[in-house]
Structure formats: structure tokens, C-alpha cells
């Protein structure tokens, strides 16, 4: 097994204040002592599957091939929802079958397995923490060379959620969402900048909260003080920003809030 | 020395906003370049030794044998309190002698040493940051193959605190505590679920804040909206939860708050 | 290249809630699979360059020689500001040319290069996330053995900011700043304790907010309940503390606030 596959990345809504992520790493270290673990993000809003999908999609290309992603945003833990292993684009994704991997399943050649092999999980499985008892052990076994086929059988009907893309509502109009808000208060939308910002279009107006923003800047430094502006963010999406301040606070909106786009 | 012992886990009340944990890792990397470090938890409430004991006890079994735990919840730093190395259950615990390791000391064959060897600490020891100057170096030296006996002499009277267990207050009554509150607002009590929840008992009533909870659920998904319920948590303790919401906010209680249990 | 140089430490104002640091680690893992990464601190106040300088200066000595520091506090990202690689004191510093490395540049023999080699960055460079696209790749290439000279040419005029030291305002008077506030609410000033606290002086009075503090303690444990006191902090600076409570809350001051010192 190639060395790159020994990298495990964690994406969860566990936050940093609890020992959840640390205990998952302890479990991984016990099964795959040489695997390396990267915390991709633990601050998905509790149970916000769409936010996790968005951040996963924009982060995955920056990780080496063979990386195993363990994704735990899992309001259905302990219910009958399946545990899933998705092989997609030379990377592997482990987590609950609740739509988290919709984008990965859309890739050519992607395939999903239900994780059922009791030898590849902890001997005792709790009702509330499959990150520790099921997903971390599965990832660690893969990292130590176990082939995915040992986890369980292929399934044809993994859960798929509606696409993350904005919806066209008129010839020049689109309806999007706030996909994420970063530490600086930048609102990351699901509107692709390459399609909807100049030079692709002559101009764009984005409505969020009670404001409409039309100014477009190429960098934070060129933005005027105190005025909201649009910028092509690092994930390729339109972001609403405020120089050295929080656009989210100024607009009073949260993850999931609608953003309306008009282009001309 | 076996490879497993090169794993160091950190449990502190340092939080994530300061360079404290990062500097400890720098110190470890300088002494034991091949040691691997896992952040178990840095968000113990400042100076809450009992919370640290509880989380340590429930996390340790998930780490491989030979793991070295550095635990720093240390209101007495800079005073005459001793620095301790406890060998217990094929794992090692490094930290202040203030009761943090009460549970580890109760294991058969456990032994404690005072860390006194000036060669195994940083040349200059501050009054306020023994995590960096004393505990991280001690752990790193152990990880690089130094035997515990080099740290200092055995001591017979390490500090032990009262047990974390609930207190029986009547034939069917127990008095417990909120041991931890997780990111989701679940209240983790010190009441063992295997002993006090069905099927071990016919029914249970837990009083916390001004409410009494009797509903028991097997998973978050089966819980009714808006109603507090009891569940066997992943640490084996009874947890008070609210589906997709914060039980802690609803009840207005904090770590250490009393929870009263009645069983029938 | 020696093994020690394969250690990369990250200091940013990215916080922990976003995938920024995680994605940087993914990029590093793709270029330098054997490099090890330590999170020194991600909670610099957004855009607070002086706070980053202060924490960097006090943390660097605890990291092994050869460590590569990637420092991203970068309000000018996407503007014409240069990307810098500073070799100083047998360590390497990568980040924006905005004064972050003033202290490192002051070391004997320090030299700075502009990072310009397009082969040592990601193929596509965003306007807003050079941590991922420029700085992490540069550090990873150095960690994998590329010599700094390949990054770009030496520059003679890297940005230098005014010193972090306090300013003398009278024979017995100095004007300083709150350089950092830690998780416990301790105010870390830029006043060197070895110079301004007993036994170096007979006594000291520090004014912060509306209070003047003259009590000096050698440890938190020896401090009286409820009374602000001065202590020699672990970074060598005078700290204003309150036993088992937050001095910052009591004084109502923030990072950057003035602290006036009188000695006698």
C-alpha cells in the first residue's frame, strides 16, 4: 500500500472542547501506529450536513491522493442509518450514510460500501459515538493496509442530497445560500465566482440580509473601509467581506441564510 | 523500548487560543524528535481537577499501551506541590501532584515518583508554566527511552482526592454531579448507565436544575423533539440530552452541578 | 538536510473553526510527506501583527534548530506586499512581508528572500489564501530538502516595524502595552520582568485600566484571593493576574491596551 494512503483527515462537528477528536486519534494510533492524522475541521455547526459537504468539496483537492477522510456529522447516530465507505477519485471517505458524501458519489467510478465487518470496529459499539467505535477503526484498518472490500459489501443506494449549487430563478437571477462563515466574518456563498463575478459578467448584485452589494474587489487590501464588497474567495465561491471587520455581524446572517444574485 | 510508548497525549486546561500546547510540542520535538503527540483535550475548565479526572478515566482505555499522558490542570504551579510520574496499567501519567491521578493510583501495581532530576527538565524553570519546563521534558525523555526511575524516587503519599462516584443517599437514591458538558450541550453525569438505567433498573428519575427527567432513549434519533431525555453516553455514564439542541442551556447548569437520581 | 528541519510550526490568525490550517497541512503532506507539523497558535487576534511578533519571539527558543515557522497574519494578502523567507538564528520563517519578522531580522546574520519561484507554490494562487497557495508550499519544499536560495533573491529592505519594547517616559517611568491575554485572563505585558520586578527593583507599580497594581507574587498559589497581582510570566514578561479568575475581565482591557509602569 502506498505511503500516501496512510494519511487520515478528520472533518466533524465535535468542536475542540471535548476529548472526542483526541480519543479517535488514540483509537487510530492503536490500530495503525504509523498513520498520520490531520484535523481538517471540527467546527461544522452541529448537525449541518450541507456545510460539511461544502467544506469537504473545497478542501479535498488539496490533500494527497490516497488520503482517508473520516467525516462525522451524524445526527442519526445509533439509529438504523448505515456506516459508509466511499471510494472516489483516488481518495476514501468514511462516515454515516446521510448524504455527507453526495458530491463524492457523483464522481466517475465512485463506489460505496456499507461498513459491517465486526472485526474492523471496536469490540463494543456505543449508541452515540460511532466516530470512535466504527469510523476511526475502519479508517485506521484501511490506513494499515486492509482493502476496502473487507469492510463490507457494495451498496447501490447510498443517501444523496440535493446539489449544493445555487438555483436559477430567472434569466439573470439566481438563488444561493451562505455555505460557511469564516473566523473573520466573511460569508462564503455557494455562488461560483468564476461564473458570476466580472470578468465573466459585466456586473453582479448580491442581496444578503437587508443589503445589496455590488462592489467587487480583487483583494482585501483594495477594499474601501466600512463598505461590504464581493470577492472571489479561496474556495472558488463568491464571498461577502468587510475589510478588517465582520461582514456576518454587519449583515446579521447565519450559515444557511439565502443570498440572491442578479447579474448583468 | 517499544514503539507504542512513543505516543504522548496531552490533557490540559490551556485552551486553544494560546501557544501553550504548541510550545510544549516544540519542547517535546527537541528532546524526542520521533515521539508523536495527540491533543486529547485542552478545554478542561480552568482548574477543574475533577473534570480532568473524569475525562482522563473515560479516555485512557482508548489509547494504546505505553502511551504517556501529560496532564496539566495545575492551580498550584510554582508552589511546593510536587511533580509526579505515575506508572499505572501499562501507561504513564505525568503532571502535578494534586489529585489528578487519583484513579490511576487506585490501579493494582500503580506507583508514583516525584520528578526531581534536574537533567530531565529545561535548564530554566518558570514559576507559572511547568507544562513546558517540567512535564513536557519529562514525557519526552521517557518517550525517547529514559526509564521512569531516572526521573526521581518513588513516593508513598501522592495526593488522592475523594472518588468521582455518586454517593448513595437512600435505598433508592443517589447524589451525583455533572462531570462534563460537551459541545452539543449534553450533560455527562458521573452516574454509571449500566447500573442505573433500564434494563438494570425498571425506571430512573434524574433531577437536574429545576427539572426531573424520566424518559430514557437508546439513540438521539429516537428522542422526541424538545423533550429532555436520559441516554447511556459513550463514556458509560448517564447523559442528559435534548435532540439537536442544548440540554445544558435548557437546564441552566454547569460542570459540577448536583444531579439527584432515584431508581425503582 | 538534517532531520530537525523537517519540523514546521504554524502561527496564524485563522482560528480553529475553519479548515484553513487543515488545508495547509494537506498541502504540506502532499509536498513533504515526512514533514511534521505543529500548531503553535492559530488565535492571533485578526490582523494583530504585534501580538504575533510577541508570541513568536517568546515561543521560538523552545523549538529545535531547523524548525520552519509559517506565520500568516496577513491583512495585505492579494496586494503587492511580498512573500518572505527569513533565515535567522538557525531557524526559518515564511510569511508576508509586513513586519511580522522584525525581531528575526534583527538577529546577527539574518537574511531575507522574496519568495518568487512559481515552481515552489501551487499552480493556481488565490487572492485571499496565500497560507495555502504560497507559504505552506514554500515551507514544505524547504522541509523536503530544497535550499532557501531556490525560493527567490535576497532582499535588503524587508518591512521592519517599531520595536515591541516599552518606551521610557521618565527616570522611573515606562509606557508599555498588553501584548497578549491568555485563556485564564492573565494580561501579558511587554514589560520585562527581570528588569522591572523585584529583586531587580525595590518596587513596581503597574497601571492598567483604572487600577494600579503593586503587589508582586512568585506563584499563583501564594496570591491572595480577589486581588490583582504582578508576576514574572513564563515568557519573561510582567503579567497581571488574578488568582483562579480573569484579570482581563476585572480590568476590562484588551490586547494593545497601554500599561504604565513606575519603579522605585
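In order of appearance the chains are A, B and C, and numbering begins at 1 in each one.
FYI, a contact is a pair of C-beta atoms (placed from the backbone, for glycine too) under 8 Å apart; a residue touches a chain by one contact, two chains touch by 3 or more.
Because the structure is a prediction, the values reported are computed rather than measured.
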item	value
Arrangement of touching chains [line / ring / star / complete / other]	complete
Fraction-based call for subunit B against subunit A, same above half, different below	different
Whole-Å separation of chain centres (CA-atom averages), subunit A against subunit B	31
Subunit A, residues touching no fewer than two other chains	16
Contact footprint of subunit A on subunit B as seen in their complex	3-4, 7, 9, 11, 16, 36, 38-43, 55, 58-59, 62-64, 67, 180, 182-184, 218-222, 231-234, 239, 244
Contact set on subunit B toward subunit C in their complex	13-23, 25-27, 29-30, 33, 46-47, 75-79, 81, 126-129, 132-133
